[in-house]
Structure formats: C-alpha cells, structure tokens
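Presented below are the structures under discussion, each in the form of structure tokens.
Common to both upcoming complexes is subunit A, partnered first by subunit B, then by subunit C.
Then we have the complex of A and B:
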C-alpha cells in the first residue's frame, strides 16, 4: 500500500480513538489486518429513528490512493433503508462517490452515515423497493425498518405480527432471510410474498 | 456603462466563427418551457482537474504556527515549512494539494472551486449559473406582481 494512505489511516485511527463520538459510543473503529487497508466501523442507530437501539457494522476498505479516492464502505449488518441495498449493503451516498474530498476522514464519513440513517434521500435511492415503500407507505416502512433493526442489529422493538408471518414462511421451508425480504418487499402481505417465493 | 456583450456574459464571434445554433435552440426550448427535463444542476462525475494556470498561480506561505495540520495527509506542518495557499486561504503541503488538484478542481476542505481547462465543465458551470439567475429573476418578478 502506498505510504501516504497507511500513514494517514494511522493518524486518523489515533484521532478517532480520542474523539468524543467514540467515548460516547456513537461510533467505533477497529482494525481488521496489520496493513491498515481494512477496517471495521460501527455506528449506533440514531435516536428517534427506526434504527434506534441497533448497532450497525460496516466494512471499510481503504484504497491505495486514499485519501485522494474515497474508502469503499458497505453495511455488513442488514438494514432496511432507501439508500442502502437490502441485498448487498452497498451504500448510495454522494461523499463516497463524486463528492468525496480529501479532507474527509473515516470519522466524518461514519458520522455522515449516521446522519444518513436519520435523513434518508429517497429520491436518490440505492434500493428502489425500499425507497418506494418509504415514499408510499411511510408507516409500514418505519415498522419494517424497526423490525430489521431488531432482528439484525440488536434493536429493542420486536414486532410480533411480522415475526409470526416470517415464522409461517419458515414452516413452509423458506430460508429465514429470504422470507423476511419477500414479506418486506410485498408490504407484509403473506399471500403475495408466498406467491413470489414459490413462483 | 458596461457594454452589452459584457453585461450578458457574451463575447463577439471571432473571424470566421459561426454561432452555436444548437446551443441557441436548446436554450430557446428551455427558456420557453418547451423542454420539460430541466437542467438538474448536477455534474455526473468528479469535476475535472484544476487548470494548469490556476495551479501555477497558487501562492506560498511560510508556516509560523506549528499547531496546524495539512488537511490531506493530516501531518502537522513544521515551522518554516512552505505551504500552498488556496484562494479560500486553506493551507496544504505542495505535494498533497497538487496531487488532489490534478484530479479535481475544488478545495478538499471547503470545496471552493478553481477554474478548469475542461470546456464542457466550464460550459456546465456557466449554464448552472444562468439557470440559477433565471430562477431568481422569475421569483423576483413573481414577488413584484403578487405581493
């Protein structure tokens, strides 16, 4: 890895560890290997959002050309959000693409991702299905996102009705995550989800 | 009195140069609302490098305060180091900022834009300004009529 990238990540790492956000538990950063090219980030779901109480893990890959090019980041924890792919965890956020600036750091990027959880951009979606639900049925979106936070990110709000529907599909031999995706996609209508899964 | 061309942000055609009829047609269509897909105001990729001229003209200063970082490599400046100054007054190591400006034209810290050598991008910026100005004009006109 180019020297400047590794050196900068080292400096950033020290900086993050001293920051008040880490002290307050809002974000976390860990090294994955010794070459400073892979890290793991963690952000706490912001309060007053369906992600509240959840912990979201991020995979961070630092390119050799860092900080002249943005780090590659995706959600490892599954999340129901218009700007994050519910399948791959890929993120649609301008500063991770064409709005990257060399003065941005892993700390500011993690904080931006946390802000993205508070304020989605449904008009620039990564996941079209989620974005559609967000716009057309906000209440259901909110519940679905809370349910995913509960199941995948350790959030507190278990939604009994949704769990029961997932269980119904499990009883039919469907994979748990596939069942949850189908139900979330079809606004928790069991018939349509079943139809889609078995077609 | 500023002359007409200057006021409109135009210049006279060079000898033998033809007006850009396609551009005029496109503007005409947009201005008269016949083309619905309005100017979206987004450049679809990273803006182009800063112009050679503007990079060459960046000023240098001697560092006097040792508690300052270069925002690109995050290393502290040493006293008596020379640093490059962007027009927005942000300071960088020469090597750091030149690498960045060779890639895109804005200050990594505040996004202040330097001119580029990319004609398409410069035309885009002009058009963006034009469309913003137009929006303001329409709003001013609207307010003067209905308030």
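Then we have the complex of A and C:
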C-alpha cells in the first residue's frame, strides 16, 4: 500500500478514536487487517428516523491512491433507503464519487453517511424501487425502513403485520430475505409479491 | 465527559498491537495550522492557495492532477496561478524542535518535525526491548533467514510455523539465492552477460542517491535488467505500431498500383481492347432473368489522348434469343481537343476459344449523322452503335466461345 495512504489512514483512525462521536456511540471504526486497507465502520441510526435504534455496519476499502481517490464504502447491514441498494448495499453519495475531496476523512464520511440516513435524496437514487416508494407512499416507506432496521440492524420496532406476511412466504418455502425484498417492493401486497416470487 | 470512558471506548475497538503503533504516531501529531489536510502530516514544502488553504506541495500537486478544485472548499484552483509557496509557514515548522520519542531510553536528539520520522526509523534506541517484557519472547525458528515474529508460548510458535509455511519458504528462497550469488561473486566469476547488463545500468534521473555505479549485487543487476526490459518492451511496442502502419500503407499501394496498371492498359491500348467477361454463366443467367441488366466494359482510348469508348453486351430487347453488342462514346478530359463527330472504323471479334476459324468478325464504319458519334454530354453517351442482334445466345454459350467460364470480345476502333 502506498505510503501516504497507510500513513493517513493511521492518523485518521486515531482521529476517529479520539472523536466525540465515538465516545457518544454515534460512529465506530475497526481495523480488519494489518495493512490498513480494509476497515469496518459502524453508524448508529439517527433519532427521529426509521433507522433509530439500529446499528449499521459498513465495509470500507481504502484504495492505494487514497486520499486522492475516495474510499470504497458499502453497507453490510441490509437497509431500506433510497440511496442505498437493497441488494448490494452500494451507496449513492456524491462525496464518495465525483465530489470527493482529499480533505474529507473517514470520520467526516461516516458522519455524512449518518446524515444521509436522516435526509435521503430520492431524486438521485441508488435503488429506484425504494425511491419510488419514498416519494409516492412515504408512510409505507417509513414502516418498511423501520421493519428492516428491526430485522437487520437490531432496531426496537417490530411490525407484527409485516412479520406475519414474511412468515406466510417462509411457509411456502421462500428464502426469508427474498420474501422481505419482494414484499417491500410490492408495498406489502402478499398476492403481488407471491406472484413475482413464483413467476 | 469522563475521560476514562473515552479511553475505554477507543481501546475496546483498537485491535491488539495497534496501540503501540499509534503511540509513536501520536507524538508526531502536528498542530492543525501546520497540518496538511491531504496527508494529515506536517506540511512539507508548504504552499498556500488563493482560497487561503495550506498543503504540502506534492499533496496539492497530486490532487490537482485529477481535480480542479480545492480539497477543502471546492473553489476552482489552477496549479499555475493559484498556488504560492508559503515560506513563512515553512520557516515556522523548521524552527520547531521535537524530542525523539525514545528520549526516555536516553536518546537526546532533537530534530525538526519533518525529520522526526526518518530519525525514529534510524534511532539507535529504537530497539524492541525484550528485557522489559515480563516474559521473554521466543523468536521464530526461521529468524536466521529473516522472520521477525516472536512468541510468548511454544504453541503460538507452532501455529505460526504451521500457518506461515509460504512466508518461510520465500525467506529460505531469498537466503538460498543470496548464498548462491555470494558464492559466484567470491569466485570472481561474474558472468560476461552479467557484466554487460551492469554496463546497461543507468542511474534514474531523479534519484541523486542512486547515481553511484552498480555494486556487485543481485538487486542492482535485477534492477538494471528490469529497466532494460522495460525499455526494450516499449521499443518493441513502438516498432509493432510502425510495422502495422507500414503494412497498411503497403497494401494501399498495392491496390493503387493495380488500379494504375489497369488504367494504363486502358489508356495505351490504341483502340485495341480485349474484353474478358469472366463468370460468364452467372452473368448470362442474371441477364436472362432481367433483360434490363447489361454488361459494360471499362472505358478504353483510341490513343492516349484520343476518343474513349466502352462496349456494351446485353440480351437484345427485340429478340431475347440474341445478344446485342454496341460501343458507346465516353467523356474524357480532352474531349474539347478532339474532332467531332467521331469518324472511324469499328471492328468486333468474338473469339472462338476452341476453333479460331469460327471466331466471329464484323467491321462497321461510323456514321457522322448519328448522335452516338457526337461529343458525349454525359459520362457515357446514351446512344450506342453496333448490332441489336449480334449473336444467338445459345450459339455463344455452346459452340466454343466460352472457355473457363470466360467470354472474350476483341474490339478495335481506329480513327480515319
């Protein structure tokens, strides 16, 4: 790994460790290997959002050309959000792409991701299905996001109706995550989700 | 906020062994006004931008290669006009003195922050303190060949020996090849090729440290060879491109040459043109299917700057059993210099390729009243002159006029 990238990550790591956000439990950062190229981030779901109470794990890969190119980050924890792919966890955020600036750090990026959870950008979506629901049926989106937070990120709010529908599909032999994706995609209409899964 | 709590939070996450590392880095943490926002290190050759931000010269140079904006506030920056050396900050940093982190072990060196890292790397007090550990660590059994691992227990070492076989193999391989080379050199038998390769060794342009001639070691040799390989590969690639271009030109020339040859024959045939119609059978079938289909010969000249004619062969519109054969005048660039209407003798000969006696010969004289012999106003004069019923199709096809699927018609046009 290029010297400057490793050196900088070391310093950034330290910066994060000292930061108030870590102390307050808002973000976390861990090393995956000794070469400083892979890290694991963690952000707490912001309050007053459907993600509240959840803990979201992020995969962070540091390119050799860091900080001249942005780190590659994706959500490991599955999340229902217009700017995050519900399938791959890929994130659509300008500062991770063309708006990256060398003065940004892992700490500021993690905080930006947390802010993204508070304020989605449905007009620049990563997941078109989620974005459509966000715009056309905000209440259902909110419920779905809360349900995902509960199931995948340890959030507190369990939604009985959704769990029952997922269970119905599970009883038919469908994989749990596939069932949840299909139901979320078709606004929790059991018939349409079933049709899609079995067609 | 409770400081102990902060400490616990960070230590809970940092994996074992990282703490010691970060401690050293911590000691060399610059104040924010002396910190480069790109490398987060002490500003080295600081520059200041028109938007008022300081960076290491090399950091902002690298950044601006891909982006035209300030890494901090996204304002447009140009390397040429917006970046200035900040010698004030440079002096401030150079005036700072920092103690070596090994001062507690007795190092009295004080250096500028910029030199601290290189000093730490070479500081004589920067030794792993085996004695200060409560338990003596056992070095790996491969330490003699370069493995730096140490272990608290025999089990740890066993596991390491088990998992890092590959690493140890490469250590052994390195050691082995080193011994080999040492042997070779001590025998003073440096191979002629090797010496030659050494001569090829050129110091890199930027590295002042590496300007000394190569020493007798493998790494210099390998480097020399590697550089040579790179140069040769590059040259090879360039030559490949040159060859590709030349062969492209060559085939273009060949095509042009062939065309020129054909043109020459047509221009210098002196009105004596031999028209070979190949693929005759297929062409005939096509014409029989569609009576509007006609075969035209290329235009040929009665003299290099003379009249230009072409021959037309088609199924006679009046009598589909017969071929029609005509000549047509064609435009040339010197038509204005010629005398009109054309006056001359036109001879056709359809060659019998099996029995020359059966060759069909006909001669006609031009008729100056016909439009066909006036100066052509189109590329090919619409009116032709010749026979609407020249030969019977079946006769041509069967009685020895076609050989190897080729029909030959000789035309001779002579001015009078």
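Everything that follows uses one rule, which is that the second predicted complex is superposed on the first by the 199 of 199 C-alpha atoms of A that agree within 3 Å, B and C clash if a C-alpha of one lies under 4 Å from a C-alpha of the other, contacts with A are read in each partner's own complex, and residues count from 1 in each chain.
Heads up, the rule we're going with is that a residue touches a chain if its C-beta (ideal position, glycine included) is under 8 Å from a C-beta of that chain, and two chains touch if they have at least 3 such contacts.
Owing to the predicted nature of the structure, the values given are computational and were not obtained by experimental measurement.
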{"item": "Joint occupancy of subunit A by subunit B and subunit C, clash or fit", "value": "clash"}
{"item": "Residue contacts on subunit A - larger count, subunit B or subunit C", "value": "C"}
{"item": "First (subunit B), second (subunit C), both or neither touched by A:102", "value": "both"}
{"item": "Partner chain in contact with A:31 - subunit B first, subunit C second, else both or neither", "value": "second"}
{"item": "First (subunit B), second (subunit C), both or neither touched by A:22", "value": "second"}
{"item": "Subunit B versus subunit C as contact partner of A:68, first or second or both or neither", "value": "both"}
{"item": "A:127 touches, of subunit B and subunit C: first, second, both or neither?", "value": "neither"}
{"item": "Which of subunit B and subunit C A:13 touches, first, second, both or neither", "value": "second"}
{"item": "Subunit B collision site on subunit C, chosen from 2-10, 20-28, 38-46 or 218-226, when both complexes are overlaid on chain A", "value": "38-46"}
{"item": "Subunit B and subunit C contact sites that coincide on subunit A, given as residue numbers", "value": "4, 7-8, 11-12, 15, 67-68, 101-105"}
{"item": "Subunit A residues touching subunit C - in the complex, by the definition given at the top", "value": "4, 7-8, 10-15, 17-18, 20, 22-23, 25, 28-31, 67-69, 99, 101-105"}
{"item": "Touch list for subunit A against partner subunit B, complex", "value": "4, 7-8, 11-12, 15, 67-68, 98, 100-105"}
{"item": "Subunit A-facing residues of subunit B, complex", "value": "43-46, 71-75, 96, 99-100, 103, 106-109, 111"}
{"item": "Residues of subunit C touching subunit A in the complex", "value": "1, 5-6, 9-10, 13-15, 18, 21-22, 25-26, 29, 37-41, 59, 62-63, 65-67, 69-72, 74"}
